[in-house]
Amino acid sequence: MDKIVVNNLDLFYGEQQALNNISLTMKEKSVTALIGPSGCGKSTFLRTLNRMQDLTPGVKIIGQVKIDGQDIYDADTDVVLLRKKVGMVFQHPNPFPKSVFENVAYGPRIHGETDKRKLSEIVESSLKDAALWNEVKDRLHESALGLSGGQQQRLCIARLLAVGPEILLMDEPTSALDPISTMKIEELIAELKDKYTIIIVTHNMHQASRVSDRTAFFLSGDLIEEDVTSILFTRPAKKKTEDYISGRFG
Amino acid sequence: MDKIVVNNLDLFYGEQQALNNISLTMKEKSVTALIGPSGCGKSTFLRTLNRMQDLTPGVKIIGQVKIDGQDIYDADTDVVLLRKKVGMVFQHPNPFPKSVFENVAYGPRIHGETDKRKLSEIVESSLKDAALWNEVKDRLHESALGLSGGQQQRLCIARLLAVGPEILLMDEPTSALDPISTMKIEELIAELKDKYTIIIVTHNMHQASRVSDRTAFFLSGDLIEEDVTSILFTRPAKKKTEDYISGRFG
Amino acid sequence: AEQTPEASSNNSNTATTIDKKTISSAGSTALQPLVKLAANEFMAKNDGVQVNLSGGGSMTGLNNVASGSIEIGNSDVITPDELKSAGLVDHQVCVAPFLLIVNKDVTIDNITKAQAADIFTGKITNWKDVGGQDEKISIIGRAASSGTRLNVEKIVMDGQKMTDAAAAQDSTGNLLTGVANTPGAIGYIDAAYLKDTVKALKFNGVAFSPEAVMNGDYPIYSYEHMYTKGEATGTVKLFLDYIMSNEFQDKFVEQTGFIPVSKMKK
Amino acid sequence: MKARRADRLASVFLWAGAFLIVALLIAFLGLILGRGLPYLSWEFFNGPDGVRGQLFNSFYILFMSLAFSLPIGLGAGIYMAEYAPKNKFTDLIRLSTESLASVPSIVFGLFGMIVFVNMFGLGFTILGGSATLALLNLPILVRVTEESLRAVPRSYREASLALGATMWQTLRKVVLPTALPGLITGVTLVAGRALGETAILIFTAGMNVSRKLFDVNPMAAGETLAVHLFAVKSNPLPGTNADQIADGTAALLIIMVIFFNLCLTLPSRWLQFRLLGKKRA
Amino acid sequence: MPHHKSKVYYNDRISKYLFISSAVLVSLIILCIIWFVGMQGLSMFKEASVLDFFTSSKWSPDSGQYGALTFVVGSIGTTLIAILLGGPLGLAGAVFLAEIAPPWIRKIMRPATDLFAGIPSVVYGYVGITVVVGFTRDITKSATGYGMLAAGIVLAVMILPTVISLSEDALRSLPKTYKEASLALGATRWQTIRRVLVPAASPGILTALILAMARAIGETMAVQMVIGNSPRFPDSLGSPTSTLTSNIVMEMGNTPYGSTWNNGLFMMAFLLLIIALIMIILVRTASRKGAVR
């Protein structure tokens, strides 16, 4: 089923156009990878999907982004609810300067959960879902900033899962991590895709081919090509895509 | 001829060891690429070669780095002269907030050149060597910060060439650049290697294979393997190298 | 043209009772120590009453009492024309004598009125012209608007203006420090503040003493005033009455270096 | 080589400059404490000319002025850092804050005297002084708030907002706690300046103290230590040990400022340590 | 929508309005100050000449002469002396702290320099009268030593914390890459500081200097104790003159409210305010220029 449908999306930073007429459909409970050289607009596109782009001053967006059939840029869209439903993981792990527990409990708390026992349950199950429970269960009340980079990134994923999103946006979630942590996150993504719709930006084409069902290739603000991952990497339709994946640039 | 010889180099950030017993030889007028996953110590190693690492507080270095047969960590080494001879290009282009001309003239000026005409000559030839002259010759006195990323990076290379170094250290010089700029820098490197000894860090294996004569693979502070580039990428001796270049991690 | 206030009226006056719990008084810095003392004594005698006090200069007191934001304005000078219409009522509470003081390196001990006037107008600029050592005279006075300065100009200089080459300090304390630290300096202060870091000059051959002021031999002095807006009533009247009481005048006024109004033989 | 010599020479000069600055500071502190410390006795606080009232007033006025200025300063600072779009309106506000920061304190004093003392009829009271002093604190607080909020990494806000938190929740639960050490430093700065302020207070808070000890009545007279120092220096009545009182008061003021610094910075270091797991190094 | 949501939104909106109102209030305050002080001050020109006020140095209110030029010159002169003496020293301190000091020295020295700001003005003034004035008397060979030089020296010390902390912040907020790039080209530390770091931080340093000047020109108590307070053009740096602030405190307490004389003092305060505003505009231009670069 189509979860996200983007129609003719243009995005401008002030005068400068960063996305040109993007149309793209993402299926429910699947992983879509966005690839392309640095500066091609991958992050920009991702951030339109939960309206994080609203926070950047001077951004103008034209076009349609429908999630579950509803245009999220409608005037009556509740941005807070939207962001609860469409969670985001960032390139650099960004836990709050609080304890591990408080990081995960943050979302449920702001959404009104006050019951201690309930919170503990949510924290535990989220950490388990993010494959982090065993590593941190004895240091739940220590600062999250003391964790390693990979652990921090999984903590951020746990924090996200705790609010019960349906869609996960991930912007190069492993680019700042070591190989072992990267592997763990990739495994995690494989598990999560049974429950969530995942869009992941990556500059590592091997990663894209390992984790995603479909892949979209961006270049200078244009969506060049989108297809089933294995097809895009082996028999790309466009010359530009081929040049990129064969490493001729980027 | 051996330009740089590194023997049993250990490096510690405080307690934490970041380089383990590295021994590596780099030939004159050749390009050596350093590859490896993020955090493996590529930058750390590179910065020991011109003693930029001295600026990081709490760093301890054991072992020997010989350039032209002289141990640069000897007590009587003149660090300023060393850095003049061993130039460095950084991951993010970092021109000074001055005009294009002043950026390139900076090095000659601090090394005592005051003659206007001489300076102009140096600036022009350096910019030409860095393949930037045609693009900036009409805006020499505008701020360098107005240039595009790729131009800025070439400006930094021109600035470097103007002091007349013998060795160029480049730390992911294209990772922040667009494909076209990347191509230009790669072409530039190909030209420069006739005159200079170049060490380049890159996370792009295609780039490494395109520009370098020899490649060294680092992993978690260890030098796993070093060989002629074409051999390392096609018939690596070590399983870890193979895993990495085949994209199994990183 | 001074009339003696009803100095005899005491706390015994049954018509007057405490109405306000807090009264404020501000103005002359010269008079402030005396008022502060009175306020403390008065508050000790009348539990629960607050007398708030501020300096700021004579006109600050008059301005604020005229505008009604405080009850009593303390002043070294009589009301200027600008404030006459505000209905301020004068209470002369004591007499303040002034001294001419010099740096300790100055060799003369006495000064005549004419000499002093010539020094302050800038006609004489060297001590040797008045019988002292050969040294430049440095005048350190008070601000153009200071009550102390106005009185010195009136009495010593017969209304001539002080030269504006003089350095000035805004308070007696800073003036004292200045005169004590500047060779060849001369200045003028309220007698109460004399310290042994400076030397007081005889004026026309008469050394300052309270007695000399009382019997008219020492002429540099002025009356200190406390103004109310309209006739004083309630707590304010009680407070002013206390200041004028024999108890306070005899015990404290002299102790602080002022002279009780009643002792002036005039 | 010339460059090398210049480098060495410059180092010498910079060290000398730093040394001079520290020497000046030590000279000042030495002078003030050396003269004043010997007089700090129980008598000095509680005797007939004791400064206990002034000491109390100093803090009372400081806290009252903070009570007025802190909420507004924080609010305006938060607005500037977090909400303010770039337009004419916010430009005007920014200009106002910066202008307010450069208003000479004597001007504040005169303004306070016209407005609070006279127009509002507060007279020379703790309330009038605090209200005027609050004006002095305000721009510093706005500035410090804005700066410490801006120093909070953007990623914290993004993380919180991306979880569906409102701006206010993000501020209250993430941004403000993280900025707290910076805010505390700011308050210390404000306190240091406010404790030493005279020009404003002689025109607004008066120059004597309530006879009652710890008189919390805001309409009581509000002489502070700094004003007391000024008054005693200005009119050193003989027979009152004026010089000693002045010296002692100056020393006490300095001790208070240092004490305040320690009181606020140590917990904030600790807080930073707790929050960020930073090493003290 | 869960039940608690409405409250969350309500809080969000309310808090935002509170923040905006605080910001507006801050603007209103400065407008009020300008209004009150300005109105009071400008009303002096009902009786005094505007031209004289700005161009004459004859301040003799008794005889109806209201020339404030002396005070303006005094204020600007002392401020310039202060910045000439305190600026380089403070800048040296800032460079030292940002680039040279070992961490432990910085950790002590940085908060210690803030203590300069905590010393009450009266104490500065007192040290001025007892120490500085004697020194300026000797070097200017004048009779008293009171004057612009003494005031400038005292102010130079008083502005140190402003110069040091703001300049150090400016230096510290430079990208580390400038320093690395310069050193990697074989520049010495001093060359890096002088040719790259200080120029790159110059908008911030300029801001620091201008704010320090604003602080100096507004300082009252300390200046008033050492300037000599004579309302006339000084013959030398060591002879008594006045500044705007010193003359305001000297005469404010002893002139009747509403008189032309008193209004003249408010006019001086207004002038100070205007000078301060001009400085702020300079700061903004300085930092805007920095942003463009």
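Going by the order they are written in, the chains are A, B, C, D and E; count residues from 1 in each one.
We take it that contacts are C-beta pairs under 8 Å (C-beta built on N, C-alpha and C of every residue); 3 or more make two chains touch, one makes a residue touch a chain.
For reference, the UniProt names are A, B = Phosphate ABC transporter, ATP-binding protein; D = Phosphate transport system permease protein PstA; E = Phosphate transport system permease protein.
The structure displayed is predicted, hence computed values, not measured ones.
Between chain A and chain C, the least number of touch steps comes to 2.
Between B-D and C-D, more contacting C-beta pairs join the chains of C-D. Centroids of chain A and chain B (each the mean of its C-alpha atoms) stand 34 Å apart.
Chain centres here are Cα means. That of chain D falls 17 Å from that of chain E. Look at where the CA atoms of chain C average out and do the same for chain E: the two points lie 36 Å apart. If each chain is reduced to the centroid of its CA atoms, chain A and chain D end up 46 Å from each other.
Within chain E, residues 8-9, 103, 126, 188, 191, 249, 252 each touch two or more of the remaining chains.
For chain B, the set of residues that touch two or more other chains comprises 80, 110-111.
Multi-chain contact residues of chain D (touching two or more other chains): 3-4, 166, 169, 203, 233. Across the complex, chain D is touched by residues 80, 110-112 of chain B.
For chain D in complex with chain A, the touching residues are 85-86, 153, 155-166, 169, 173-174, 177-178, 274-277.
Against chain D, in their complex, chain A makes its touches with residues 50, 52, 55, 57, 80-85, 87-88, 90, 92, 94-98, 106-107, 109-111, 142-143, 145-146, 156, 159-160, 163. Residues of chain D touching chain B in their complex: 2-4. Chain C contributes residues 29, 55-60, 62-63, 66-67, 80, 82-83, 136-138, 140, 143-147, 161, 164-170, 174, 177-178, 181-182, 184-185 to its touches with chain E in the complex.
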